[in-house]
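What follows is a structure written as structure tokens; I'll ask about it next.
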Amino acid sequence: MKMFEYMGKDIFAEFGLPIPKGRMVTTSDGAALAAEEIGGPVVIKSQVLSGKRGKVGGIKFVDHSEAAKAAAQELFGMTIQDLPVEILLVEEKLQIDKELYLAITIDSATKQPVLIASVHGGMDIEEVADEHIIKKYIDIELGMQNFIACDVVRRMNIPLNSSRGKELVKIMDRLYKLFIQKDAELVEINPLVISGDRVIAADSKITIDDEALYRQQDLPHVEERTKAEKAAHDLGLSFVELDGDIGVMANGAGITMGTLDTLSYYGGRPANFLDAGGGTGVEGTAKALELILSRNPRSIIINIFGGITRCDDVASAFASIKKSRNIPVPVVIRLVGTNQEAGRAILKDVGIEAYDFMQDAIKKAVELAGGN
Amino acid sequence: MAILVDKTTNVLVQGITGKQGLFHTQQMLAYGTKIIAGTSPGKGGTTIEGIPVFDSVRAACENHKIDASVIFIPAAYAKDAALEALEAGIKVVVVVTEHIPVHDEMILIAYARRLKATVIGPNTFGIVSSGKCKMGIPPNQFFIPGSVGVVARSGTLTYEIVGNLTAQGIGQSTVVGMGGDRVVGLTFVDVLKQFEQDPETKVVVLIGEIGGNSEEEAAEYIKEMTKPVVAYIAGKSAPPGKRMGHAGAIIERGKGTYDGKVKALALAGAKVAELPFEVPGIVKEIIDKESSQQ
Amino acid sequence: MKMFEYMGKDIFAEFGLPIPKGRMVTTSDGAALAAEEIGGPVVIKSQVLSGKRGKVGGIKFVDHSEAAKAAAQELFGMTIQDLPVEILLVEEKLQIDKELYLAITIDSATKQPVLIASVHGGMDIEEVADEHIIKKYIDIELGMQNFIACDVVRRMNIPLNSSRGKELVKIMDRLYKLFIQKDAELVEINPLVISGDRVIAADSKITIDDEALYRQQDLPHVEERTKAEKAAHDLGLSFVELDGDIGVMANGAGITMGTLDTLSYYGGRPANFLDAGGGTGVEGTAKALELILSRNPRSIIINIFGGITRCDDVASAFASIKKSRNIPVPVVIRLVGTNQEAGRAILKDVGIEAYDFMQDAIKKAVELAGGN
Amino acid sequence: MAILVDKTTNVLVQGITGKQGLFHTQQMLAYGTKIIAGTSPGKGGTTIEGIPVFDSVRAACENHKIDASVIFIPAAYAKDAALEALEAGIKVVVVVTEHIPVHDEMILIAYARRLKATVIGPNTFGIVSSGKCKMGIPPNQFFIPGSVGVVARSGTLTYEIVGNLTAQGIGQSTVVGMGGDRVVGLTFVDVLKQFEQDPETKVVVLIGEIGGNSEEEAAEYIKEMTKPVVAYIAGKSAPPGKRMGHAGAIIERGKGTYDGKVKALALAGAKVAELPFEVPGIVKEIIDKESSQQ
């Protein structure tokens, strides 16, 4: 779950990480008031879950509160990468002496947290040359230790005895605590601004592990999924909308991808990715079909190779749906694996002959969709 | 011979009395797995399917020699269960559970590394040393003994490919599911090294997918291998930036692409199948060629 | 630093460990009031840092507040093992179904925390047979995990599904947190009382690592040392009063013990143990001498083998003291090690010929004390 | 030969610019120790006594091959310094600092154990491989090369005994101070095993004290040793329940007594001296006897 910048900064504050003076507003009057409270020049930033807002004019600098109101009105009218701007963050404008980059994320290869730092902050870290990026893997059993932060500061060529050096050591320590305690996949400060003697997080980017949300109940909820994707997720289905005309359902991410690849190979175009996962019952299967049908496909391919998923369960679910509602397009089913004989018998009763091999079933589905 | 688990492996099932635990215990027993104990806190002293149940792994280990454990425990408690198995000295731990928080995964894998134990998963179908021992959830009928080692990230795709191998009469030495999560215990390289050492394994099938860089790392090792490797990478048609089910299966920032992986593997000398059902044919060709040369 | 029971229970409460209703009082009127607040029968417990208070009548059970006042008056008049009773803890009297024992301490052999549990609580754990004591070593990098507590509960033969079993698991988890967060050397609950569905810490014993007190500033301070011992400690000296007549000073615990052993061997009786440690200056040496003289010895042996301690420093310190004040008893000095030549020259200037070997010096000191 | 450190050991001094660090660096250099770098955060790039100073251990290791580190850092920061040395891959770390919180000691020793590194101390005088390498604070003049291995808990008592050995012309292979705290990196057994393996060591002197049970554990191992052991235990005259300086030196609950330790050691075949200055005579007797037998 990605957090909005202002939410991330609230969390930063909770962990003692320095943030600019400011607050979130939802009206242009609110923006004017906030600017007045802050006093002096302010920056007004659109709160959207997109990293590109600066480039498309989603951030404005103004000198006083009247200008803030006007700027806010303008921003509230924008959409950034299809996302309407509904929230703004009004903050003191920082004097910027230097922009650093600091992040902690998870490294799949070494299976541990990695701290990433650079003295070339302010731009997308992907654009920073490798030799300017410092990576420090953190032993998760040892955790963040003072010497680790000190050594990163040294590698940044920032004097350890300077006030900014000491401040950075503290920031790394607190950022790591946040990363651990909030089950973060990513915490990023870009830029981390050096402003005179202060070191301040001018932006925040926090992604929380979806699987850990159950134990992070005090975090605000942010919904990134489309309505359909969310409905699917709540049922344990993984659903992604694509732009073709053949509905796809399979059980398992790998085989679903394999199904899409095969479909494309035979000239078909998938309308969706739908991984029904393991052990989906009648409700899940019904919902899955509904999602697929919502894309108005010309045909549907269901490709099941049962492990945890039992073929008879899938067949029963499909049969009961087929009896109770109209499915307006042809459905091709491939069904093998656990309890496959029982499953095939159930399908036969509702007039469907299951396929043995996925390539045959997929070919058939492409054919039934009538090509492109 | 086989890798990691074998005919003689004494298996513990953690969470044996749960719905999934019980169903798959029955399936594993039917496959011939030597399950000798199970755990279920509060149900110590009972038996299920003839298997003695204990309150804790320690309690099981006090009464039986345990070599490996397979975990069917809900995500919120799975880390504790895996740590428990590791702390009790069990050296192969299969974590079937999906949806485990990634921080929990980092902790349990760090602990396993320290104890020099192998964690298979989390979010894995498990491991099958065909005809000898199955730990996990794959359907029994598709796994027959033979000389092909299979290692994969994804479950059903593996069944698909192994099922097709079996349909063509090509058996497997061991089939290993590394798990679909961002942080898992094994890498392709870990498993390839074991297959390279295993006298029973003649050909290795690697089933990868887009995202991450473990296939690229595998390619580096494949260069040194004496045994032929056949690979299939899922996700050729997946659009960038969209997460396809697995935590790992996403093309981000131009990394972990289909083309990059295929290129690395091909350069390393692996034969790369374009579609999943092409794998058995390529494997068969290699086997036939090798046997004709002997 | 040992904590009083009532302090320990405050800390227990801070960590969510269940304690009886009650409070600390310092007057008998206060005791009566506390008993009234609690209602029903209460127990009144002398707050002294001695484990034997129960056996000498330092704990009283009464049924109402008037009786509480009388009992408190009686307790305030007591001394327990030389310690006057100045504080009482008035608590609800618990219905006791079973008494357990639970503690976490540090195991020197395995260098890690060890959890100790027994279903035979209520008595000194030293009196419990080994086969009734459960020990579980805790990997400090892994910390307390649910399965560890569950397995201890299992070994106590308490059903894991019972409410008391679940409560115990929670208590172990919290006790370990306390142990770690408070830098404890020992946390002990004896007895841990099972009272119906409740599991309650009826007593508390907490010892905090003295070396960690600097980072445990929010703990109340408890002084266990005598005045002289405290003065010594504040100067980095380790001082213990003994009952002989020869003053002893050496540098290092081992050599000080060796000096005492040798002194005893030659028939002398030490008046004190004084380890001056490493690198004591003029002030420390002067204080050390003062402490030794406060025991009215007949002679003094100073045994220095210099490592960190530099012989010239010790000699200078001693010489300057000898010049400025009267030392009423003979002082024998053995001085070897770092900068020994310089040190010996300084001593010679104030009329003292240092010895080479400790046995010779000690023999001389015994002789000068005039035997027994 | 010697144990743990030798002529070729490249030594780092952590806290080299502090008062103690500097004084003992001079002493160690005078003894012939191969000190090749020091650390002092914020002073990287300078030199002291001709030794290059770095901001961190990693920075030192980037520029020099370091085998061992000796730490002169105040108690509140000593854990961090020791972890830093260990994390940088240094395999012998001598922690001279006293008054380190015991929880910090448990953490740093657990980490060292995981990395298979040796921690000497905390609260130790250090280690001397006589005539080759001194890491720590003992006065130089009392340590001459020879065949006696010495292992002790206490510092000055060791100088006392080693000084007397040297005065009688009996040199030492290596002298190891385990440290006086309740939790330290080494046990007597760890060190005895090394002496047993070291060809240069002919006789071992064990200097123990009341409290704890490491002397009793040592006795168990001494039974298996081929080399003669001479022991002295301090604290015969100490009253029970009083802590004598060291965290360890206390007789509690009837455990760790003088008599118990002496009995265990004598039963194991060690010669136990009653007073510290008797040790050299007993060692000399053993050496003379052995050389007359050859």
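A few notes on this one:
Think of it as A, B, C and D in the order they're written, each chain with its own count starting at 1.
One rule holds in what follows: a contact is a pair of C-beta atoms (placed from the backbone, for glycine too) under 8 Å apart; a residue touches a chain by one contact, two chains touch by 3 or more.
All values reported here derive from a predicted model rather than from experimental measurement.
Centroid distances from chain D, each centroid being the mean of CA atoms, peak for A. Each of A-B and A-D has its own count of C-beta contacts, and the greater count is at A-B.
Chain B and chain D have centres, each the mean of its CA atoms, that are 48 Å apart. Between chain C and chain D, the centres computed from C-alpha atoms are 27 Å apart.
Put simply, the C-alpha centre of chain A and that of chain D have 54 angstrom between them.
Shared interface positions of chain A, defined as residues touching 2 or more other chains, are 139, 141-142. Shown for chain D are the residues in touch with two or more other chains, namely 111, 114.
On the chain B side of its complex with chain C, the touching residues are 41-42, 44, 55-59, 77, 80-81, 83-84, 87, 111, 114.
The residues of chain B lying in touch with chain A in their complex are 20, 24, 27, 75-76, 98-107, 109-111, 113-114, 125, 137-139, 142, 152-160, 163-164, 180, 182-184, 187, 207, 209-210, 212-214, 217, 232, 234-239, 242-246, 248-249, 253, 274-277. Taken together, the chain C residues at the contact with chain D in this complex read 106, 108-109, 111-113, 126, 139-141, 180, 183, 185, 209, 211-212, 214-215, 238, 240, 242, 250-258, 260-265, 270, 273, 275, 277-279, 305-309, 336-338, 357-359. Chain A meets chain D in the complex at residues 139, 141-142, 145-148, 150-151, 154, 159-161.
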